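These notes open a run of structures that come right after.
Two complexes, one shared chain (subunit A), two partners (subunit B, subunit C).
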Partner chain A sequence: MISHPPLPAPSTRLDLGLRPVWLLVLLGGGGGLFLLSLALGSVSIPFDQVLLILRGGTPEKASWLNIVLKFRLPKAITASLAGAALGVSGLMMQTFFKNPLADPFVLGISSGASLGVALVVLTAGTAGGMLLAGFGLAGDLLLVSAAALGAAVSMLLVLVVASRIHNNMTLLILGLMMGYFVSAIVSLLLYFAIPERIQAYLNWTFGSFSSVTWDQLPLLAGGVGVGLSLALVLTKPLNALLLGERYARSLGMNIPLMRLWIVGATALLAGTVTAFCGPIGFIGIAVPHLCRNLLRTSDHRMLVPASILMGAMLALLVALIAELPGSELVLPLNAVTVFIGAPIVIFVIVRQHHAHETFNL
Partner chain B sequence: MNNDNRFVISVLVLFALIMGAVPAWAQDTNLLDDCVTAYDSTQDYFPNKVAPTLAENFTVEYFNHYKMVTVTDAFENAEPFTYVLVQCGTPAPSAEDFPADAQFLEVPVESMIAMSTTQIPHLQQLDQLDKLVGLDSFLYVSNAEVVGMVERGELVEVGFGGEVNVELVLETAPDVVMTYGFNPDTDAHPVLIESGIFTALNAEWRESTPLGRAEWIKYTSLFFNAEAQAQSAYDSIATAYGEARALAQQVAVVDRPIVLWNSFSTWTEGWLIPGAQTYVGALIQDAGGIIALGETAPEDSTLLSFEAVYADALEADLWVINEFGMLTLEDLLAQDARFADFAAVTNGAVWNDNLDVNANGGNNYYELGVTNPHLVLQDLVAMFHPQLLPNHEFRFYRQFEPLQ
Partner chain C sequence: MMPAILTTHDLTVGYRTRTHTITPIASPLNLALHRGELVCLMGANGVGKSTLMRTLAAMQRPIQGKITLDGQDVSKLPAPALATRLSVVFTDRPELGLMNGYALVALGRHPHTDWTGRLTPHDEDVIRWAIDALGARAFAHRSVMELSDGQRQKLMIARALAQESAVILLDEPTAFLDLPRRVELMQTLQEVAHTTQRAILLSTHDLDLALRSADRLWLLTERGVNVGVPEALIMNGAFASAFHSEGVAFDYASGSFAMAHPKHGVIGLMGEGIEANWTAHALRRVGYEVLMLPFQPTPPCLVVELQATAHGMVWVLTHHHHATSFSTLEALLQHLTQLQHDTISLAHQEVA
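So, the complex of A and B:
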């Protein structure tokens, strides 16, 4: 009789290997970029003074204290939160739709926020605008509330649709159509607006991390925090979705409920970021690809934390470059995200082939 | 008849002949409403002439029966525009003597569509408001008389930029449409000129001195033969401006306030600091103020980040925010809480340029203020040096109430 050597027991746990080390590397990189973005800006402040300020000391020039604490620190925190939120929501959308081109805004969230902002900005100063101001909201808070409301309404619509429609392709197309429809309304508002208001709206669409002050940060941090926690809890269903809905169901998962949670978490993350920072493109698409190729895995237990860290890093890098330290010029964020992000993604994807493996392309 | 009577009669006849012939050979004012009936090629039909002194973007050359007007620098990289304004009733000169794209027009015109509210004060000061037949938009007009004309339905609204309603303009058939250029791809003038409508470009917004900009009233007057009125209007503006300026310049440089101009929000691209050689910079300095961060923009304007302005301009004595729709310091702080750190906010020295704004947000600063810079300068002098003009009534600027 031929006897076979005993086969090793099948592994019941996907081997993560050395990948957790990468998370430490990303954490270190993120921390470094964070400090760098505190040190560099249009005003030159010596690095030792920046460290002194962070330790609670008094710098040589009084205005430096305020610049670091009131301008650069909230901006760095905002960029980190926004980058993390966009990276993770992009990852969730790509997994959900099994589409490497999906981004957080594919369900029309940013269009909804744009409509809210357009209504406020393009009617400001007119009778309609005075009416809105009478509700007690003013200035920046009004802008944020309008964008948040627009994003929330889009999110509700998407959730309602997602609970009825079980076909992902249909959901994607409906999301796209809604996005187009809302953008058309915004175009109409722009057509009848005066040039100063159009310029103001256009500036909002460029995206900015600088307008969130300390009193608004708790709201941003809260929204993003809840969304990120949801994403971390959803790693197992996300893994299952990648392998197919039947497999997921065989593991005892409630697919419709999972879909709602995933869509809800994405909408919360994308909507919160858009409300406070304007529509920031590209980070949501680029970060998941970067993480997949760096870590060479599709396991969401690694990808979600990696996307959080990588997203924060990419956003901090983009914010730093847009500030053009040493010159007084400031570039719009959305242009810089593409200039930095696209070459990185192209390089990574051409060198590796994990998009192919993940998405069966 | 005896010899005495014959003598008297012949003197009277001669006198009558002379009196009758005087209008024919000694015109002493430009023809505001009439056309020439008997053309005389030796006669100068424009005894009242104007010439730009401070304005750099237009020139006018007078010939006996026509004026050649050239507008340079109407917009970025613009070619010069040439207009040949021919006194009506006289033959037009040959087109070969002029550049290929020169436009010919008979003056005085009888109807004009104005595509900028800055032309309204010109027309009023030249006493030609009755010739106005249309505007680009009714929303932003401040002038009371024109508002009345709008309400009585005497004017048409033709839209602005590339979206101008050409059919409506053609139907209204004005003698001239006066507009401004910015970007030929989105401007009204290429569309209008192509439709055969005489379109005159106004490049006053490209002048860098306040009086140079005001001098464009002379340009407008060329179309109406109203040069005499334009000269007199401009002279009184220039005199008043010079007086206000002299008053402010008495203040020693060390006593002049540092003035922070403009503001920053997510709605703006950056903090626009005016340079000394710009229109606004000239106004600030003529009013005896020092431009905050003016060293970073010695000639032209510059866009700075909030951080850069915060680092160096917190101690400015006065802050003129020029923000649409802001009425109180609470509005300003709602925009961004970090504005509270500016000294001007703590001292209640914050101003905004929206004192004279109509219901739709149209600011009279851009209508009356641009064409009458002496009014703006007087406001600025009263703001920077209240002791020089103690009972001044502000026309364009409002001071914010201090924080409660």
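So, the complex of A and C:
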């Protein structure tokens, strides 16, 4: 009798292939950038002094206290929240539409917001115009309200349409068409507006993280917090959607309901950010690609937290560069997002082909 | 036979356009799928296989009648409840993200996991079992993007198995596979059906495969559905009539389709074994009706005799007492073609 030795256990480990350690790396990087953006700006403040201020101490120079607490801290928090919101909503849209070019604004949210702002800025009566010309606090608030109203109206519109239309591609095309419509209206308004008002409108379209005050921050944080929580709860249906809608349904997903939740969460995130910061481009499209590339997975249980952290990091980085530390100049945010974001995305896509893998391009 | 798990009650399938309703399959359908059986759904193109499949999978509403799954009306089952009872594998290859084979199969556990999708040890056991059942262990750790169509198909089916549903519907699961892989897959599915008491219904065009492994066939025609053991459907002529078409005839002996009218008449073939079988195959392919002959016939027409020699197989063609031998099958076929083109000059040779 020949006795057979027991077969060796398969050497390859079978698991989901997730690498959660990267989340810690991103968390560390985000924290570092957050502190850096408190220390750097037109005035440089030493790190230990920044930490001292955050702990409630009194720094060497009294003016630093004001700079950090009144300006840089709300701005850094705003940038982190906005970046996280845009990254996650971009991720949801790319998965939902199975399209690597989808971003938070494909549903027409930013178009709605810009129409709201354009209506207020370009057609407001003399009183409104005076306020805006001075660009005081009331003017800011007016802009935020107009953008929020515009975003909210387009959000509702999108939700109504999404609940009636059962085809994602139709939804995508409607979003695009609405965008064209709105830009046509805005062009008309611009054509008949006086130059000062046009300037005010253009300033809004550049985007900014610095106009959110401590008073407004809870609103922004609330909207973004709810949206991000929704995204975290939606990871399972988002994973099922990787196989396409038909398979997702066969796996027990309630497609009409989930469509509403996903569209609703995206609209809330993108709408809130646009209302407070203006239309910030590119972060929403770049962050999901960066995360997929870094973590080598399509699992949303990894990608959603990673997009939150990566989005915050990218927004902080962009804000820091736009600040041009050491100088008095501030660059328009949207120009910097493209300067930073586009090369990263090009590099990642050309080198890793992961967009091809994910989307069968 | 086990009790029926999926049953159709006076079902009419089809689709509605703006002006009228199109129902490709004769109705009403009263079909039953039982636990522990592998059923092949067959039918000519356009007869409504996919429509029936989609309707059974609750992806499309019936025009009339209803479908019950374990006694419950499918159209009234919410999606999560349906997913624990019925899983599907579609024809199209989905665009998969960045995931490994294990993660793909793990998606099949969705109906059983909590809202986070967290896998329990039991879930992991089921996933591994499904991977092993399909023989996918060797490549399950690799990214699905690196895998071949056949390997991905195995993983998609393992995913349906991991769903642990009593019924599995597969729409042309063998379409992207080569022949050995098809046979292998059908054997696997038959084994799964028999050993785990699942009911598996798959649509296929491959008659040969269905004959090899199906417990029963659902044969769709414009006049209705013939249900039965594959061999019985061949013998009673249901098969021939389901795929009836001008110029193609069903060969009852081999269970396959061939050209109805040979172009070049009859040819006799003498010989035995594999070589004789494949020579006959080649002769039929070029348009002869082949008669297997035990001995040299007296009124000689066209006869091929296989002879084993020291140098290998030789084909001897006899035509009006004139014998020519060929060392390859190809040479024989070429000569026969020449013969068709050139019968007159051959006749001249005979006279000379």
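Everything below uses one rule, namely that the second predicted complex is superposed on the first by the 329 of 361 C-alpha atoms of A that agree within 3 Å, B and C clash if a C-alpha of one lies under 4 Å from a C-alpha of the other, contacts with A are read in each partner's own complex, and residues count from 1 in each chain.
Just so it is clear, a residue touches a chain if its C-beta (ideal position, glycine included) is under 8 Å from a C-beta of that chain, and two chains touch if they have at least 3 such contacts.
As the structure is a computational prediction, the values presented were derived from the model and not from experiment.
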Contact-wise, after the overlay, does A:Thr235 reach subunit B, subunit C, both or neither (first, second, both, neither)?
second
Counting only touches as set out at the top, which of subunit B and subunit C does A:Lys70 meet: first, second, both, neither?
first
Could you tell me if A:Asp299 is touching subunit B, subunit C, both of them or neither one (first, second, both, neither)?
second
Now for A:Gly56: first (subunit B), second (subunit C), both, or neither, which partner does it touch?
neither
Applying the document's contact rule, which stretches of subunit C touch subunit A when the two form their complex?
57, 59, 78-84, 86-88, 90, 94-100, 102-103, 106-108, 110-111, 113, 115-117, 119, 127-128, 131, 137, 140-141, 143, 145, 163
Footprint of subunit C on subunit A - complex, ascending:
10, 12-17, 98, 233, 235-236, 239-240, 242-244, 246-247, 249-255, 292, 296-299, 301, 354, 357-360
Where on subunit A is subunit B touching in the complex?
41-43, 63-64, 66-67, 70-72, 121, 124-127, 129, 138-143, 194, 196, 199-200, 203-204, 208, 210-211, 213-215, 278, 323, 328-330
Can you list the residues on subunit B that touch subunit A in the complex?
139-140, 265-270, 296, 302-308, 310-312, 314, 324-325, 330-331, 333-338, 341, 359-361
